Structure formats: structure tokens, C-alpha cells
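Order as written gives the chain letters A, B, C and D; numbering starts at 1 within each chain.
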Amino acid sequence: MELGLIGLGKMGGNMRERIRRAGHTVIGYDRNPDLADVHSLKELVDALHGPRVVWVMVPAGQATQSTIDELGELLSPGDLVVDGGNSRWTDDEKHAGELAAKGIGFVDCGVSGGVWGLANGYALMYGGKAEDVAKAQPIFDALKPEGDSGSVHAGKVGAGHFAKMVHNGIEYAMMQAYAEGWELLEAVDSVTDVREVFRSWKSGTVIRSWLLDLAVDALDKSEHLDKLRGYADDSGEGRWTVEAAIDNAVPLPAITASLFARFSSRQDDSPQMKMIAALRNEFGGHAVTAAE
Amino acid sequence: MELGLIGLGKMGGNMRERIRRAGHTVIGYDRNPDLADVHSLKELVDALHGPRVVWVMVPAGQATQSTIDELGELLSPGDLVVDGGNSRWTDDEKHAGELAAKGIGFVDCGVSGGVWGLANGYALMYGGKAEDVAKAQPIFDALKPEGDSGSVHAGKVGAGHFAKMVHNGIEYAMMQAYAEGWELLEAVDSVTDVREVFRSWKSGTVIRSWLLDLAVDALDKSEHLDKLRGYADDSGEGRWTVEAAIDNAVPLPAITASLFARFSSRQDDSPQMKMIAALRNEFGGHAVTAAE
Amino acid sequence: MELGLIGLGKMGGNMRERIRRAGHTVIGYDRNPDLADVHSLKELVDALHGPRVVWVMVPAGQATQSTIDELGELLSPGDLVVDGGNSRWTDDEKHAGELAAKGIGFVDCGVSGGVWGLANGYALMYGGKAEDVAKAQPIFDALKPEGDSGSVHAGKVGAGHFAKMVHNGIEYAMMQAYAEGWELLEAVDSVTDVREVFRSWKSGTVIRSWLLDLAVDALDKSEHLDKLRGYADDSGEGRWTVEAAIDNAVPLPAITASLFARFSSRQDDSPQMKMIAALRNEFGGHAVTAAE
Amino acid sequence: MELGLIGLGKMGGNMRERIRRAGHTVIGYDRNPDLADVHSLKELVDALHGPRVVWVMVPAGQATQSTIDELGELLSPGDLVVDGGNSRWTDDEKHAGELAAKGIGFVDCGVSGGVWGLANGYALMYGGKAEDVAKAQPIFDALKPEGDSGSVHAGKVGAGHFAKMVHNGIEYAMMQAYAEGWELLEAVDSVTDVREVFRSWKSGTVIRSWLLDLAVDALDKSEHLDKLRGYADDSGEGRWTVEAAIDNAVPLPAITASLFARFSSRQDDSPQMKMIAALRNEFGGHAVTAAE
């Protein structure tokens, strides 16, 4: 089938390649003309035969909103927009409504795969009406990993991004789990080869996983990770997961602890611990440490 | 080689079988005569040719201590005891010292594998002197999963149980990660098929793992787990992990949150939340809920 | 001075009384005619001499929004609206803007005091322009406790509700602190009189506080709180505090733990712990507990 | 009455003074002869008329153990030892047993008061048999603050130190509560005067407390605490509180989060966050930050 693909960065570029390998036609647009097949959204829409399917793979927020706005002007009733970016799930219903007013369908799709997706396939979680999902199904099938799993019609509009968001929340806590264990092993004298302990866990243990494999890869590059700073960004989905939990009164202690650990990692000095130090000094005369 | 194996329960019985399949001779003792090859520790020791290797696979604490005490009386200099039970790592140095005074070697070995070990192999983490480990190496090789990983000489005496303990701590937080994500997905209306979301994650995602596979197995048995109570025991290693972290001033927020979630799950009613309810009533006149 | 006061419930009714005791004129409106001095907002506005000050003390959200909308129609340029309800601080800028378009001033005011406010005074945190705050200052002075502290001009519009929200977040964690300590004391045999331990802490300790006094009052009514269920509601500010922290990448581990403890307290059974139980059964054959 | 007091440091020295002001005779011993009234434990014991009461106020652990050992040799049946140091409560039963074998009584006493105790009195929590407590009661009465509260016979031997330990655990979480709130207020633009917000909270709020008063004192010395490093030691009781909770399967999420925040504050760089950064790089190609 034919697909219009908007956004050909690290993710989108590889996805175009994987879809083409599956025998589909992809017309790609990117603001960077060196990456693009066509040079405007209008050109892209004109080049597709109707009913069109257009996949949006641009940064969440303003870029996605303006792309959807423009597509709303250019597309025709019966066409379909798939938002494959990292949009917040609460945006999806709004986008679907705006497009539905013009007779255009909408599916949201969370995509996991990172730098490994081209070779291994992309895990896909999508939400929307069955008839809309059906229009994009050949593309989903091209992108997903081989085998029985790797893609899911998770529910209504918004369910795809919601499921991907929860995936990332779980990812935060799993990474934190390995990281805490690693730090504790490194802290004791009796364990003399922490890297080999991690490697041993790759088989037969309860905690074997792809993330564990990656941890061993990282330790093979640098046994004690001493070239790295203990500094971790977060990309939004962890925060949204906690916010969704708060909205639903669901306790998420481990995921939230993992998010907060990242916040702390980015502070040169901790304001709250200044207050703790100050209070200890006030009531107990405990020594404080001067800022540098 | 020959091995004496003490404790032929759910774990020990299957381990005997796996070691025998690898061509070794195992003489097993258990308090339950229906399971045992010999009927006393003395008989077991007499049946082995020196230098002997005896693997202790009995409950941690008093049972392990008294078995090691008795073996200290029965074995000869040059023999070796392997403690493969769930002993606390702080016991290992004591046991090693008691046996060393009689010329008997000691290796501690953490074993992971549960009900899957007979078929897939047991992950092993062991600690002790190189010459002691070498004596038991053929048994370790028979028990471990096939392939490059699955067993490790983690360090000095105690390092094996320490590594296994940390493994379990990580396991607590990984399970909690999936559990939190599952509850959040179940809480929202837009996601209409949570089980299929979990199944889709088995391929191509960052969070794919053996535990995830098991979660899907469980959901296939009961889609919403509504036959189960939200009640989770803990078996000691999680507690010891947190205690070891405290001893080493290592922060373990996600693992500890997972342990506390289990504690809470076992309370019919929460005393601390009674106090919260009482305080809210005192300062704000907020309604309280009467105990049943 | 003259004040129009809208909302005469548990809080508003006592506030009217305290302001009148200070010698000011209060004209009160409530949907319940038994409580009200006037019977419509129009009547209230007509009864006040300009420039008017009208204090809104109704539930946050829709009720506050519609009250402010109606006041925007009724009031005149130079008048002032004070929102003393529990509005989310992110609403304040919107309300200020809507009123400013009509020349009407706006101040947001967080109010603490509960059932104790009439006697002891209400702690007030307000935000807005200095000239707007000045118009309401006599009312703030009438409501606040005696002495040097108890009220503050915290900053711009929104700062009052923000400060009150953080106050409540701190309150959550302080209550949790006492509650955790109480549960631990109750759990051990050696401490035979937990209530008297709490009472002893009222003097000379680092943790003496008004909340501790209330805890002792509660224990005097019921030594082990055994008439209460461990069930705690939350009223929004705790959630908003965590959301504000996430927006600002500030780690709030203790406050968030306190919020999650309340969420858990309201679950008859924990979905996430069902998943933990199911996983333990899958990998280890551990027993599960059937739902009732 | 007469008291022998061993340990005349920051705490013990002021306690001697407060007891003397109450009209009692105190004979003090310290390793530092400049502080001491007598120059050996033997001299101290000889100077007291029987039945003697000797208060031990030396560092927990080895110093306390050896002092109690020596007193066991020097004292006579019917005498009493009070351990007022920061001993772990699990040591108390051992000490009581050792002394009981010689007919000597034992009371453990947790003391709170810090640098404020001389003027305001020391909060006291003690454990032991009623007849032993009675012997030391005049000293407890001299040390405690004026008024109805401030001291308690908490239970059996060990209960005093246990109650003091829990006091400190609560203290950790209360300090963390204020610290988290302060950091959040400092993080937003709309709140322009955080210090005055804190000061305002001293009256009429739910969160007024002595610790809040101290926080305001600290902010009056340095409005943004910018001379301090966010570095906080811990003195043992917080760790023991968490360990006691683990022993009793009591969840302590807020207190434990507070302890872990202190651990993190003392790390120049976080090993666990190095692992998080490494994993993010492995699966997503996310940039890492090099160590300096």
C-alpha cells in the first residue's frame, strides 16, 4: 500500500526503510530537504492516491499539533492520520475530534524500538476505531517484529499512547531495579566481580530480560561505568504515567521513586537537603558542610 | 563425580535429578525416608569416597546451622560443604570459619530456578576460595543452564548468597514495576484489552523479559486475576537486601517500595491509616469510617 | 469595612462570625437561604458600597468558576474579588485575567484553620498585586491569628493557593510520619504504653507540634483507634502538590509516599498485589490466596 | 539524691548542670580530667552511698559496653545503672541480663533535647522494671521539661531506646516534609517570598511545630541557605527504625524515603544513576554525560 510519512529523523527514517523493505510505497516528508522525498505537506498529500494514510512522526506538542492542523486542511474525507509520535494521550481525543469534523479518521500509535527497531521491528500499541485501524494494518504489520506479539490494538483513541506511556513507566522502574542492585553489589567487598554476576543472570534467573542484556553490554564497555556521570534525563512519559496514576488514585511507588531518582540526579546540589542540614544544625548543633 | 545432597524437597529433589542426568553420582539424604537414598547423615558421609563434597539444601537458619554442625563432626579434613539454601549471607563467614577450624572447606551458593530449574537449569552464584569452588565445579556445571551464562564465582565466602539476595531484591522491584503498570492500565476506560497489551510487549519492547512472559501466562489463566487476593508473602531476601543497603548507605527506593507494598498487602486494615483518619478528623472534622 | 462573603458553609459561616467580631460589616450569601443575609448575588452586590470587596468561599472548580463569572457581570471597575476557596493555583491566573478585562481586581487566598479557625484564627496565604491586597488587608487582619505570624502576601496571583497547596503537601507527610511511628510502636511488645509515649513527646522533643497534640487527643478518645477503619480520603491539594513537583522536576519522595498510602487505604483489594501474587505463583509455585 | 554520671560531653555536661540546679548531688566522671569530678570509675563508685544510681552517657556501642562491664565489677547488688546514651534498643536486654546476674538493676533511657535541653529540659523515654525506674525517678523529674509531658515509662527494658529511636525516625520524615515543601516553593516564580511563607505558617496552620520554628530561624540566618551544601549525615536511629520496621513487617515509606534522601545527599555521584544513563544509551542512543 501507499503511506505518507512525516518526520524522517532517527526514528522516522528507519521506519521508512523497514516499511519499504516490506514492499510498501512510502512518500516521506521532512523539514530537512536532504531527508525528504517531497518538499511540502501539500506535495505529499497530492502524491498519494486516496483514501490516503498519513503517518505523523514528529515531536510531541506544538510540532504535532501544527502538522495535524495542516493535514486537516489538505486531506479529504475518508483519509486517515496516524500519530506515531510521543504525544501525550490526552491530546489524542482532541486531535481525533478535530479531524473527525472533516471526515478524516485518526489512530494514535505508541512506538517502541529505538535504535534497534530497523533490524528487530518496532513494538506498536495503537488506539482508535476498528475501521480506522484496519486501514493502517498493513503498515503496522510491516513495522512490527516477527512473531505473534509486538503489536496490539489497545482500545479507543488514546489507548495506544496510554499503553506506550505505561510501558515507559514500567521501563523506568525496571531500569531502577537493576541500577539499585548494581550499586549495592559494587558497594560490598565480598563480591569481587559484579560484572560477571550480572552476566551470569542472563540465563536461568527470574530477572533475565533484554534490559539485563543491555546492562551487560554496557558493563563490557566500561566495567564500573566510571566514564559516565550519574545523570539521567527523562522524556515525559514517566511524568505522565505518574500524573495518570494520580488522576486514577492508583499508587505507583516504584515507578515514582524511579522518576524522582532521575530528578535528583540532575541537581548539582539538593535544595531540600540544604534544609535538612540547616535543621540538624538548629536543633542539635550538628555540623553543616559549606557549599563550595 | 560423587555428591552428597542433603534436603530433597521441591528444590533439592529436582536438583538431584538434574545432576544425575549429567552423569554424576548423587547420594541423597532427607528427613523424609520416602525421598532419601540413605537414612542418616552418618550413612551419607560413609557412603562417599573422600575427598567428599556435600551439598546442603535445607531451610535457612536453624536447620542449616544444625546440619553444618553435624557435618563438622562427620567430615574429614579436605572435604567440602556447599550451602545451597537461602542462608543469609552474614551466616556464611561463620559457617566457613567453623568448618575451616576442622580443615573442611566451604562454598556458599545462591540458587535460582524455582519450578523451572529441572528443565531449564538453575542459575548459580557461588562464593569461596578458588580451590574450594574447583572441587564443586562439575556439579555447578551440571546444574547450570546451557550456554555461556547462568553461573558465576561471585567472590569470597558470602558473595554467592549476597548476589542471590540482590537478585531477589531486583526481582521484587521488577515484579512491582509490571504490577503497577498493570493496575494503571486496568484503571482506565480507554484501554479495552489490557491482557493483549501485555502480550504485545513480549516482542520488540524495552521491557520484554521472562517475568513479562509469566505475567502473560497468568493473565491467560485469569484475565483480570479476579480469583486471587492481592496478598503477597516475602521470603527474607528482600528484607535482607534493604538491610544490606542500609548497612552500606546505598539508597534503594524502588526495591524498598516493593517490599513495603508486600507488607501492606498482608494487613487486613492499616494501623497507620487509622491514625491518618483520626488526625484528619481532629483538625478538619473530616468524616471517619468505622471499622466493621 | 464592608465585605461581601459568598459561601457560608462550615468554613465560610465561621469566617463571617470572626470578621464581624473584629467590627467589620459582612453581608453573606449562600444558596441555602437559612444561612444567608441576602438572597442573590445581585442583592449582595447592590447592598455593598463601592469600591466593593467580595470574598468567594465556595467549592473549587465549577462552583467557583460560575460565581466568578457572575460577579464579573455584576461588579464594577475598581471592585475586588478574593477567592478564598481551595482552587487549584493554575485557575487563579485565568480568573484574574477574566476579571482584569473588566477592571476588577483579583486576589487568591489559601485558608487554613478547619474547625479551629473561629477561635484561633485562620492562617492565610494570599497572592496578587500589592494594591489589590491592600484593599482586603483589614479582612485578612481580622481573620488571621493574633501575633506576628499567620498571614503572608506570598507573591503574584496564584501564589496564595500555591503556598496553601504546599502547606497541605507538607501536612500529608507530617501526618504520615506520626502514623508510621505509631504503627511501629504498636507492633512491638516491649513498648507497653504507646499513648503515653506520644503524650510524653509533647514537651522537650524535636517532634512536638500541633499535629502531635491532636494525635494525643485522638488516642485519648480511643487508645488503639480500633473503632476506625484505616481509610483516608484526600482532598486534591496533595495530588496537585505532586503534579507541581513533577512540572518543576522536584523530587518529593516523602509527600508522594504519603499520598500513595492514602490511595492504597481506599482499595478493598490491591490489583497490583494480585499481579505480584500471580507472578510468584508462576515462577516459584508459591501459594496464592483466593479472593473471598 | 546522689547520682553518678559517666560522660560529661555536650549532652552529659549540661545534664549534670540541670540536675544540680534541681538540688541533687552529681558526681561526674569523664575521660577528660578537665571535665570530671572524680578520676576513675572506681573513685566514682566509692564516692556514692548505696544503693547507688549511676547514669551512663557515653557513645553507643563499644564505649557503653565497656563502661557497663566495668560497672558490673564495681557496683553492688541493689545498685542501678541507667543507660542514657543512644544505644540500639537490642543491646538493652543484653546489658540488663549481664547486670541482673550480679543483682544490679538496669534502666534504658532515650534522651532528646540537644543543645536546648539545659534551658528547656530533656524529653525522656525510659524502659525497665517499675522498682528500678522508681529509684531514678527524682533524676528523671529533674531533667524533664516542666509540665505534664516530657517523660514516660515506655515499657520493659529496651522500650526507652525503642521509643527514642522511633521519635528520631518520625523526626527524619518531618524534616523531609518541610524540606520538600521548601524546595518546591523555591522552584516556582509566582511565590516571591518563601521565607515569609514559612514564617506565616507558625500560627494557625496544621503544620505549625517546633521544627518549623527552627526552619524559620535558619532562613533568617540565610534566606536561601546558599552557604550550605545539601549534605546530611545520619546518626543511626533512622537506620534502626527502618530495620525494626522490616523485622515487624511494618511499611514505613515516608521515613525510609527520608533516610535514603540522606544517603543520596552524601554521594558525589550516584552509581545507580550511572547505570540508568548507560541503559538509556544502550537502548535509545540517548546521550550520556561524561564524568568530570
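Following the convention adopted for this analysis, a residue touches a chain if its C-beta (ideal position, glycine included) is under 8 Å from a C-beta of that chain, and two chains touch if they have at least 3 such contacts.
Going by UniProt, the chains are A, B, C, D = Putative 6-phosphogluconate dehydrogenase.
Please read these numbers as outputs of a predicted model, since none were measured by experiment.
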Any chain that touches subunit C and subunit A: B, D
Higher-contact pair (C-beta pairs counted), B-D versus B-C: B-C
Between subunit B and subunit C, centroid-to-centroid distance (C-alpha), Å: 47
Between subunit D and subunit C, distance of the C-alpha-averaged centres to the nearest whole Å: 33
Mean-CA-position distance for subunit D and subunit B (Å): 37
Where subunit D touches two or more other chains, by residue: 114, 176, 178, 180, 183, 187, 206, 211, 250-253, 257, 260-261, 264, 272, 283
Complex interface listing, subunit B residues touching subunit C: 10, 114-116, 175-176, 178-180, 182-183, 186-187, 211, 214-215, 217-219, 222, 225-233, 253, 257, 261-262, 264-265, 267, 269-286, 288-292
Touching residues (chain side subunit C, partner subunit A) in the complex: 206, 239, 242-243, 246, 249-253, 256-257, 259-261, 263-264, 266, 272, 283
Of all residues in subunit D, those that touch subunit C in their complex: 89, 112-114, 117, 120-125, 127, 144-159, 162-163, 166-174, 176-178, 180-181, 183-185, 187-193, 196-197, 199-212, 241, 244-245, 248, 250-255, 257-258, 260-261
